[in-house]
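Shared between the two complexes below is chain A, which has chain B as its partner in the first and chain C in the second.
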Partner chain A sequence: MQRLHGNNSFSSGGERALPFLLLAPTLLVLLALSIYPLVYAVRVSLQTGTGAGARWSLDNFTRLFSDGFFLSALLHTLVYAVVALSFEFLLGLLLAVLLNQEMRGRSVFRAALLVPMMLPSVVVGVVWRLALNPNFGAINGTLKSLGLNTESLTWTASPRLAFLSVIAVDVWQWMPFVFLILLAGLQAIPQEPYEAARIDGSSTWQTFRYITLPLLKPAILIVLLLRTMDLLRVFDQIFILTEGGPGFATETISLYIYRAAFRFGNFGYAAAMSFVLLIVTNAISLVYIRLLQKQETA
Partner chain B sequence: MRKDFVTRILRYALALAAVVVAVAPVYWMMTISLKKEIDQFSMPPKWVAFNPTLAHYADAFGTRSFGQYLLTSVIVSLLATACAMLLGTLAAYALSHFRLPRRLDKHFALWILSTRMFPPIVTVIPLFLMMRDVRLLDTRLSLVIVYTAFNLPFVVWMMRGFFGEIPRELEEAARVDGDSRLGALWRVVLPLVAPGLAATAVFCLIISWNEFLFALVLTQTDAAMTLPVGIAGRVTQYEIKWGVMSAAATVAMMPILVFALAVQRYLVRGLSLGAVKG
Partner chain C sequence: MLKRPLRLKTITFTFVSILFISLLSASCGRDSGGGGKQLTLAVNAGVEGDALKQAARDYEAQTGVHINIVEFPYSNLFDKELVDLSARTGAYDLIMLDDPWFPRFAGEEYLADLMPLYKKKNLAGPDDDFVQTSLALCRHPYSTGTLYALPYLGNSQLFFYRKDIFEKHGLKEPQSWEDVLQSARVISEREMTGAPGGGRLYGYVMRAAQGNAAVADFMPIFWAFGAEMFDAEGRATVNSAEGINALRFMLELGKSAPPGYSSFNADEVSAHLLQGTAAMSINWPAWIAAFSDPNKSKVIGKMAFTTMPGAAKPGQAEIGNWLIAIPRDARNAEAAFDFLVWVTSAEQLKRSALRGNPPTRRSVFNDPELVAKFPTYPVQLRSLETSRPRPRTPRWNEIENAFGIFLSKANSGELSPEDAMNQANAEIMKIVERK
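== the complex of A and B ==
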């Protein structure tokens, strides 16, 4: 608290302490429930055995590299993130650019698109378990009534289709989010550069490539950052849709960590894996943040 | 002219297709909750023409435990939102209206934000063990505590943005009139950010209401389970009562849709943690 006496223009001592008093409860709660748990988890991950038999070791970390489940969960997570992010971004950008114009009913359209991303993930799970059920689901039912053969479309019951299904559900839920943020970004772009481009006779593609994209870059980076972090930690929808199955076909890192900790009670190993996820997520988001900062100073 | 017309048709067709894809599966689930079992999975699927029934709702919330889960969800969301709003608003005010020495205000703000960046699976393991140590597992209180911490960084960042938009002259005028710093906050600043407060609180309600992983891990019995966990517990069992499940899921989603509509204006801002001002 001694630092208070530095370059501070407030008159009385009470005034100087006030901001710290206002901040204290929040900082304490976050210390106790965000920072202390991390320290606790480090300790748990560096111990093997329990109770009196516990000893310090790096076993939980060295074990990671030879664990096939872990490596395949890591691979699933990365593929899931890259594929879902690509589709969400391209579709969202396409929709945002096409609809960045005055059109009748746009507010209704916007409101309807909000529905998927606001839903509790459990509801998304129930909705798609119903829609994707191979025997009585709405999708196969509709395809059948159009005269198509749906026998091979078993969706979440076959490993390969299950992986595609969980990705498709993610795109369904989160593409509107990308759309919404990019549309807001587009609407913040001033009109002048477009008028200049029109006078110069630029083509639609040139205008998009050399005016829209560069000016939209901050919004693009933010939306990619937020989506990437969420995709790498994905848990809820997959847990409810497939529980990581069939077999382990859709098991991502978060699901495997959950299984290790709360099905097998292997907390130390689960904590070690969770740190790998934390480091990967932070490294990737740091790249985005650097790009954003460069953007701001440029 | 012709080209213009074609692009306009295309634009509307695309918008319509996107809306249908977004809403149809949700609508389908709602019809299942209202259909008699014989209509639920008839082929071809019945999208509109069926005799509605409320039997599944009565079953879910009357005879089964979903009523209790619903109550827990309401209590936990409201309490966690109230705690986070109280603490977070004060902290946000300190960060936006005071210049702290050595740029501490900036450091604190970034540090607070960074606590929200941890993947939940990282903190859920130690929090489970900590709650077990203090014998709070399977209580509503544990969820209120965890959700408060979860919402705090969000409240601080949102409210810091809203406070930042208030001209300081207004506050200084109130202080010249003899208000203390906190008096000025209460009488002048807070009324001005009322829409921001309301929007932030609604976001906290949505976040707490939708939360799944922590509730799944920290609760085990009907006494403390939230609605999402209650639904998930039934849905992953083999014998699934689809009418009951859909009724419970419909109830879980309704307040969220109302809330989302209420904060539509602030949605972009809330979803990007204040990074994009829509």
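== the complex of A and C ==
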């Protein structure tokens, strides 16, 4: 009724409170599911021992620097991310550019390319684990029937091959995602600059280098950002495919965190490692976001 | 402007009521758990837990005590129990646990001492029918200390080999690891097309994937060679001359194994045995039944099972028992104890055996009806009675993980046996010494 009288002070007050009211349920959920666990994780990471024997200390963080397993898991994660991202990006870009042209059967290719991405990572892990089995697997079976000697092709059993295998599986699964985003980016580029370039007589490479790439930059940065974050925390396929082995060859930081927490019951140390992963991921993401902002203001 | 505080009040009210409602519903959930004849039992999802679940249903029908069963897959059971026991929620009255976890749970004083409960019931304690090596696992410290659990399922490793192939080449049942190696070489060389379908039949197959797999398949060799993981003062000694020799031997044996064995786990090893592409292995009794299943096995009636070969020392298998314990903060400890005594009685363990679980009592292993049904029971009992536990340390999971990584590295050719054992030793020392 007050509104009918045009009570200005109420409506402005109500409007100011309204966003908070509408946000309240979300904030509550966020508080319960993100903020509280985060604060709890900080607390746990600053404690050693469990139950009655728990005490405050920085041991979990100082231990990180002397833990060879942690350092090599971190290194594996970074190498994995860089190599997989490079392949996914280059292949994805190539395919996006190719399938952006008019050609026969384009829609079939596009649909087929998206299949791996739609599979759950666990399924991908199991499928490849079976396919890569050196003795009963489909890959060595095929090679054998072609008359090749597969004795030394123990895909997940020798350290180097295993690392390449897990990278290859990631590329197989996630290159389509890069392709999809880049294709969308390509299709959003207006035709005018291309027409102008054609009139000015620019070569295909020049058109690609000076028109396509700069105009595709926002899509490129976004896809790199998303993939980097995903790659740094990779867990499921590797867990199924090699469980970090042979030895420690494919152990990534997420696997090691899982082990510390759920196998060894050492939640404090796992939390400390998670913070390192969080900082690394945030630092890298920040670089991308800065570049993206620069792009927007330019 | 005057009305704004009112709006804030509304928001506060909404917050508070939501909080209140959620707290109320949470506390309701807790109340219904206490009082009355009710027990909550945490079990492993799988064949071991299934028999216990069925026993619990029988118990319900007999006594009217309601039993809630909470089931977790093996990979989650340890952390669920650890979190609950350390938070002292008293959510479980009984927990099923794998024996390597016991030193951690008992060491942190999370479990109830069973002797006062025996006294309350005017019972002397666990009877002599339990296999000694199984009951020893339930005491902290090992074998001599306080009784915190009772053994429910009595597994220990067995040595599996193809008796038809052994007969064909005039080989005798292996008594020592040297016999195993010689036989493995003979079979790998002579059976280039010996597998069903014309593939190669390898002499030996083992699990050398990092973690539990490699360690479990290595320990019988390690012990037989006279190596020990710790000395009397608790210092790691895996890089002793005996330890390094044992690992060298494992790599020698690996030359007669299918390629890629350094990433094998239980599934791959069993597949090789069932498909007839490997002739020998260490494995757990749970796999025995599969060999006579025509859907899985190409080697029906051809597999023999025996105790662990020896070397410098007599052969010893690794023991792997499932135990049942009562958490110290259990709400119905006495009722839980009644169930525990009942379910580990000879009569109930026989029923559990018929459901596929090896027992922990001698009388059940020797039961004629069971021996007729499970001809390997005499061998299983001999293996169990001479078996050895994994080193009793609260940090076993972590030590096993580290040790397994270096064993796997040696088997995949990444490290020499000396380097692998030296690095493993340093890593194990680091884990033991950490505060």
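Going forward, the second predicted complex is superposed on the first by the 280 of 298 C-alpha atoms of A that agree within 3 Å, B and C clash if a C-alpha of one lies under 4 Å from a C-alpha of the other, contacts with A are read in each partner's own complex, and residues count from 1 in each chain.
To be clear about the criterion, a residue touches a chain if its C-beta (ideal position, glycine included) is under 8 Å from a C-beta of that chain, and two chains touch if they have at least 3 such contacts.
Worth saying up front: this structure is predicted, and the values here are computed from it rather than measured.
Student: Check the residue A:Ser34 against both partner chains and state whether it touches chain B (first), chain C (second), both, or neither.
Tutor: Once the two structures are laid over each other on A, A:Ser34 reaches chain B alone.
Student: For A:Ala261, decide between first (touching chain B), second (touching chain C), both and neither.
Tutor: Both partners.
Student: Please indicate which partner A:Glu151 is in contact with in the superposed arrangement: first for chain B, second for chain C, both, or neither.
Tutor: second
Student: Quick one: classify A:Glu243 as touching chain B (first), chain C (second), both or neither.
Tutor: In the superposed model, A:Glu243 contacts both chain B and chain C.
Student: Of the two partners chain B and chain C, indicate the one touching more residues belonging to chain A.
Tutor: Touched residues of chain A are more numerous for B.
Student: Considering only the touch criterion stated at the top, classify A:Pro134 as touching first (chain B), second (chain C), both, or neither.
Tutor: A:Pro134 contacts chain C only, not chain B.
Student: When the two structures are overlaid on chain A, which partner does A:Thr48 contact: first (chain B), second (chain C), both, or neither?
Tutor: After superposition on chain A, A:Thr48 lies in contact with chain C alone.
Student: Should A:Leu143 be classified as contacting the first partner (chain B), the second (chain C), both, or neither?
Tutor: After superposition on chain A, A:Leu143 lies in contact with neither partner.
Student: State which residues of chain A lie in both footprints, the one left by chain B and the one left by chain C.
Tutor: 20, 135-136, 243, 261-262
Student: Please name which positions on chain A make contact with chain B in the complex.
Tutor: Contact set of chain A toward chain B: 3-4, 6-8, 15, 18-20, 22-23, 25-27, 29-30, 32-38, 40-41, 44, 95, 98-99, 101, 103, 105-106, 109-116, 118-123, 125-131, 135-136, 138, 141-142, 144-145, 172, 176-177, 180-181, 184-185, 187-188, 219, 222-223, 226, 229, 232-233, 235-236, 239-240, 243, 253-254, 257-258, 261-262, 267, 270-271, 274-275, 277-278, 281-282, 285.
Student: Can you list the chain B residues touching chain A in their complex?
Tutor: 8, 10-12, 14-15, 18-19, 21-26, 28-29, 32, 40-41, 43-45, 87-88, 90-91, 93-95, 98-102, 104-105, 108, 112, 115, 117-123, 125-130, 145-146, 148-149, 152-153, 156, 181-182, 206, 209-210, 212-213, 216-217, 227-229, 231-232, 235-236, 242, 245-246, 249, 252-253, 256-257, 259-261, 264, 267-268, 271-272, 275-278
Student: What residues of chain A sit close enough to touch chain C in their complex?
Tutor: Its residues touching chain C are 9-10, 13-14, 16-17, 20-21, 24, 28, 48, 50-51, 53, 59, 63, 68-69, 133-136, 151-152, 154-159, 162, 242-249, 259, 261-266.
Student: Chain A touches which residues of chain C in the complex?
Tutor: 1-4, 7-8, 10-11, 14-15, 18, 75-76, 78-79, 82, 86, 88, 104, 108, 110, 208-211, 258-265, 268, 271-272, 275, 277, 395, 397-398, 401-402, 405-406, 408-409, 411-415, 427, 434-435
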